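All chains are identified by letter, namely A, B, C, D and E, in their written order; residue positions are counted from 1 within each chain.
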Amino acid sequence: MSFVAQNLACQRADQLIFKDVSFSLSPGEAIWVKGRNGAGKSSLLRICARLLSPLSGHVEWQGEDIFKDDDIYIGEYHYLGHLDALKHAFTVRENIEFWASFHGSPNVDFALEQFELQALADMPAGMLSQGQKKRTNLARLVASPAKLWILDEPLSALDQQYIALFRERLRRHLAEGGMALFATHQDIELEPVNILNLDETAL
Amino acid sequence: MSRFFQLIGRDIRLAFRQGSAITLSLSFFVIVVVLFPLGVGPELAVLARIGPGVLWVAALLACLLTLDRMFQADFEDGSLDLLIIGPMPTEMLVLAKVIAHWLTSVLPLIVIAPVLGLSLNLPGDSIVALTGALLVGTPTLSLIGAVGAALTVGMRRGGVLLSLLILPLYIPVLIFGVAAVDASIAQLSAAPHLLLLGGVSLGALVVGPLAAAAGLRLSLS
Amino acid sequence: MAIDLHKYANPKRFLAITSAIYPWSVWLTVILLLGGLYLSLFVAPPDYQQGDTVRIMFVHVPAAWMALMIYTLMAVSSAVGLIWKHPVADLTAKAAAPIGACFTFLALVTGSLWGQPMWGTFWVWDARLTSMLILLFLYLGYMAIWESFDDPAKAAKAAAILALVGVINIPIIRFSVDWWNTLHQPASVATMDGPKIHTTILIPLLVMGLAYTAFFVMVLIIRVKAEILKRRLRVLQIAELRES
Amino acid sequence: MSRFFQLIGRDIRLAFRQGSAITLSLSFFVIVVVLFPLGVGPELAVLARIGPGVLWVAALLACLLTLDRMFQADFEDGSLDLLIIGPMPTEMLVLAKVIAHWLTSVLPLIVIAPVLGLSLNLPGDSIVALTGALLVGTPTLSLIGAVGAALTVGMRRGGVLLSLLILPLYIPVLIFGVAAVDASIAQLSAAPHLLLLGGVSLGALVVGPLAAAAGLRLSLS
Amino acid sequence: MSFVAQNLACQRADQLIFKDVSFSLSPGEAIWVKGRNGAGKSSLLRICARLLSPLSGHVEWQGEDIFKDDDIYIGEYHYLGHLDALKHAFTVRENIEFWASFHGSPNVDFALEQFELQALADMPAGMLSQGQKKRTNLARLVASPAKLWILDEPLSALDQQYIALFRERLRRHLAEGGMALFATHQDIELEPVNILNLDETAL
């Protein structure tokens, strides 16, 4: 089981953002994508989540190209972007419940507990603070299992206590043989982690 | 398959929660039908003459207004990204959305249409034909509408562009739909028109989800 | 509980007063309704033209009165709620709306049932009928806006603004519709000034009107109480939530 | 004062940029007017009879559709917060928004209305009356509409709720507007109707911004 | 010239968020509002920006209540929330231009230069990355002068280099006699700063 990206290049609106980006992930490994603002971190993560197609290069999951033969990749990863995918009219529980059962093998109570959301479970998501929304969104990650987590700025809006809690969850995910690919400007203090610095890839 | 029904269920619950969409699209339909006699004057003969047309145009517009949000809300909060990369084929996704739209925004109109027909002084027989025509014809509206909604998702003011793209495609439904009612007013059989409407709906059932799925993938990437 | 208590002191006094009125309103409803029904079904004479269908009037006309009266009441209590921020005023307006909508609906339904024998059709686009229908929409819009806010305090204000804009518009609507109708169609269908009203008709009509009013007061008290309790429950639930 | 015009200018430029709102609301109007002959049949007498009503109803609906976004777009991206706390009184803000809405979404309809009137077989005089009535009456639509838009800003599906709230309030404009055209068809003077429409517009000019400003502050807090 | 908040309490949807919050700001001072997720930082800032009314207590600018007599407060402060108030169809320059001239005394070129946005000035805002959007939004602060800056999570999405740059701008604003009230979970390394911890106000 492995995730391999080879010679990826990305173009947005006629502008080449990055090229020759290669990396690979094996079970238990995490990659921290770094780079200055506008380096293309979010674009890279969207490519890996099949939400954007690369200009060139390819991405393989278990040796199969994720854009051509996507059957085995689907359902194996979670993507968390900067939009929260929460329905304001649904409660925290309902939101997590829907995404978990849409993804498969839901375990909502476990997820609520893991991110200490029990007290907020019956609040409409529209009434949450930024950090509470983020936690609800993070709870999706453990509400249904997936091998690979693709996370764009998972720490933003979290307070110190929940950053630590999230780090624990991420460690456990890796310890259980999961993989993670994330971008953040904050220091996550995760060890060991491989760093992919987009500023260093020549343009 | 269970995901399919889950998605429909979610959309329906959402419609109920968010200011009970059902009452709302219904009221819009009713209000448009009410505006006409006000604009045209209360003479019974004139009203009966234009009744079927007004009802169908009102249904078209009510449908159009609610279409706008078929994918837009999910796009804006990032849900659409997750739905698209999820384990359900995009075509099925579109179909689930279309069914939810039809159930929440169109079916209620069909239920109330007979009452409005009476208020416009349509004869009893033609009201049966009207209801039948709406039942057979409106799925096309949701299906074709989905294509437009998918193409305009992510555009600001997509709503009005949507109307522009979609209304011309609605014209055949309008024409056959009105013809069915007019036929039954003239004591002729509405069956051929209903069959035609059904045929169009079946065609839309095949083309709609395919085209809309392609449109969605396009708008998102 | 740290939530500002004085806001809920008023409802307490309100509950005390209404609890005293409530039994009276129940009895009045029962007595007046029975009396009114007896008068209108058995005492009032059948019309020489319409026969017994004229008795629909005793259901219909007071319902129409109530529909108009309740909207006015809603607008007044909305204004009170908006200006003096009296929480019970908002709740009263909220509680009254569905009752008003029901009376409007009743007037519409009985009217159109009556229209069938009278005019040979269930509905004509007569001025009075049309403005009644629009009133129903105003009620529905008012109710919808209450539903659409998560925060009851905001909903109250939004609904109040709507009720007030609506009430300014009612005379304009009424006037325009009247005028529209007479322009297009000289009164041929509905001459609702009707035959001169005899006391034999007027008295049952008034009794029924009073019965409806008593009924309205009764239901209003029940609904306002329920609203107040619902709000308290909400406060308690959230307090509980915070403690856990 | 210069802020007032800046805001209007920004909204107009935005309307042009974002998929040229002007073409869009216009096309919607045209399409609705085109649907009617299709729904009702092509008989000239019938069309001329219902023409003024159809045109007015179409204008109402086109206006309604574009109203939805009057504050919504600014609300969603946080601009409305900044506008509200800025140095301009909220009432002026509403007025600027209303003017921008009228200029971008309503004025183009009025420009094209005579052509559509001709296509519906209206006599020449009445087309002058139609244009006049639209010019005097439609500001009310934007002004009253602003109240509904302000109250529903921030609600998902606010668009449809908006219709329900606003359409009953639009009815007087519709009735007087049609009456003006009908009067001129019947060779009578349209002036009293136009005066009435103007009166209603003046009233709305006072009530609209006040109520809408209150609604806005509410929806935002 | 001073900003004083006294005994503020905030209620949202029937829930008391905080009470008895008092603080004051004089020229050259900054307050860093801290607190766990959901403590009410954003709500407090919205109250100070007149976007939310407090349940009780009052806020004074130069001795005048900002909710009653708001004339002298208006135009004296900038508010930056978590929404970016950018029109995607406008370029970076047009966006800054509008807000600056709406607020008064615009100086757009200076603002572009201060946040190193010259190269992006003619890009439509819809094409910016998260961090680039944030910078465009921050540029509003210097594009037209205001005494008080109210900033909700000004650092989120910024990379290290721009955090440092923003810190400089904030220091200069304070040195010139400005005031700032901000909430962030990240460490801003600003000295001296007064800390207002909402977790410590008893409920």
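The definition used in the following text is that a residue touches a chain if its C-beta (ideal position, glycine included) is under 8 Å from a C-beta of that chain, and two chains touch if they have at least 3 such contacts.
Since the model is a prediction, treat every value here as computed from it, not as a measurement.
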Which neighbours does chain C have in common with chain D?
B, E
Inter-centroid spacing, chain E versus chain B (mean Cα positions, whole Å):
46
Expressed in whole Å, how far the mean CA point of chain C lies from that of chain E is 48
If you average the Cα atoms of chain A and of chain C to get two centres, how far apart are those centres in Å?
55
Going by residue number, chain B touches two or more other chains at 18-19, 24, 27, 31, 38, 41, 76, 156
Can you list the chain E residues in contact with two or more other chains?
12-13, 82, 89
For chain C, which residues are shared contacts with two or more other chains?
134, 137, 140-141, 144, 148, 150, 177, 180, 184
Contacting chain pairs - touch in the sense defined above:
A-B, A-C, A-E, B-C, B-D, C-D, C-E, D-E
Contacting residues of chain C [partner chain E, same complex]
2-4, 150-152, 231, 234-235, 238, 242
Spell out the part of chain A that touches chain C in their complex, as residue ranges.
119, 122, 124, 126-127
Touch list for chain E against partner chain C, complex:
11-16, 19, 55-56, 203
Under the stated contact criterion, what part of chain B meets chain C in this complex?
18-20, 23-24, 27, 30-31, 34, 37-38, 41-44, 47, 118-119, 121
In the complex with chain D, residue positions of chain B that touch it
15, 18-19, 21, 24-25, 27-28, 31-32, 35-36, 38-41, 46, 49-50, 52-54, 56-57, 60-61, 65-66, 68-69, 73, 76, 155-161, 163-164, 167-168, 171, 174-175, 178, 182
